[in-house]
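For reference, the structure discussed in these notes is given below.
Chain IDs A, B, C, D and E follow the sequence of writing; residue 1 opens each chain.
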């Protein structure tokens, strides 16, 4: 899995039948320090995430193993909203602090 | 999924039996701002799209999960015609405005 | 799928049992203008193509969905000989003209 | 498979049902000399590894073929803790010496 | 498939149950001229190859379609020992000459 930030939404009314009802998010890919890197991906939301959130997503065939995407032509799916992650003992992101900072 | 623009057509009469009847489009890959980036891919059309349209496409095994491509040796399939997408609150593409501009 | 040109042959007598009888071609990958780009791949021929020809090939699991490669450890397969393709309204390659030029 | 070093942990309480109970590690990808290269990946631990360890991990659909990940939306899984590897006859890493050095 | 040279061995005693008994080789990836390019991969040996040999290997799900790797979490497998390959009519590698040169 890789880490991404939900930065936008994509709308397609004329699409493959099996994709109806799914929500497509534009994810900015992030490196392990939380910096934008590696471009973007359009992923199906499988966990009820929202814009601005940091998430992990699965690519390839594994993107079809969520309850929302099973048997559907999706090659990227958001599989978790991140609470926190650390690298070399240092916290890189903490959702609770991020939300406190934003006044939620 | 990634965003692409249909920029051309590819014709192959001598091909794998299972691919007969499918339409192959050349897609220019786009970044999340709508700029060309990352080269191209030849994708099977699974939604009745046309040249000049902005589409999303699935890669890898997921490209075989549309009704047109099931069980066929296709590793890229157009799965939706894009109406609109936004990034950081700003619309990057709007099909209705694009068509109005082109006088359709 | 991507576009490649058959530029060579690879011979392996000591190989996985299931691969016996298959023909391996070295493909130079091409960009959508027909220029070499992105290196090479060794692909199984599933359509009876030959050296010098322009072909499309499937990668990953989809390479196992031709009649020749089903259930076999091949991750790239030539799935069609290209007649012609165009980009932005301009023909990039035309097999009939290519052959006339070569005096076939 | 590729070689990685476990450099961190990722926590996601709100995630796909099937992923519950799995441990997510942040892996720094390494080249064959053991130097950081190629970024990172978030992998499911399938062997009981720990921070600081050198591991091999499988990507794509193969990441779903461990006992912990079967049928789950994981596209990367740690499949072994490395004891040692060599390149061109020279040892690149030796876990026993690494641990002796660290005083374990 | 891609071309690689067996340059090393990787040992992991603590690994996924299904991987027990398999041999892991470090492969230096080669371009179609036989020059090192594209880094390395750790592949399961499915054909009884040895260090110094030039081989083809399959990546992704196709790596699970050899007799040794079926149903196992391997994303790269050596599927053939190369005798020879040519590009643009020129031999790039010839195992018999290589061995004669080494005095075998």
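By definition in this document, a residue touches a chain if its C-beta (ideal position, glycine included) is under 8 Å from a C-beta of that chain, and two chains touch if they have at least 3 such contacts.
What you see is a predicted model; the values in this text were computed from it and never measured.
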{"item": "Any chain in contact with subunit A as well as subunit C", "value": "B"}
{"item": "Number of hops, subunit C to subunit E, where each hop joins two touching chains", "value": "1"}
{"item": "Fraction-based call for subunit B against subunit A, same above half, different below", "value": "different"}
{"item": "Angular offset of subunit A relative to subunit D [C-alpha, multiple of 5 degrees]", "value": "70"}
{"item": "Distance between chain centroids, defined by C-alpha means - subunit B, subunit D (Å)", "value": "35"}
{"item": "For subunit E, residues contacting two or more additional chains", "value": "60-61, 63-64"}
{"item": "Chain order, ring traversed from subunit A with subunit D following", "value": "A, D, E, C, B"}
{"item": "In the complex with subunit B, residue positions of subunit A that touch it", "value": "7-19, 24, 26, 28, 39-43, 60-61, 63-64, 71-76"}
{"item": "Contact footprint of subunit C on subunit E as seen in their complex", "value": "1-3, 31-32, 37-38, 46-48, 56, 58-67, 77, 79-88, 92"}
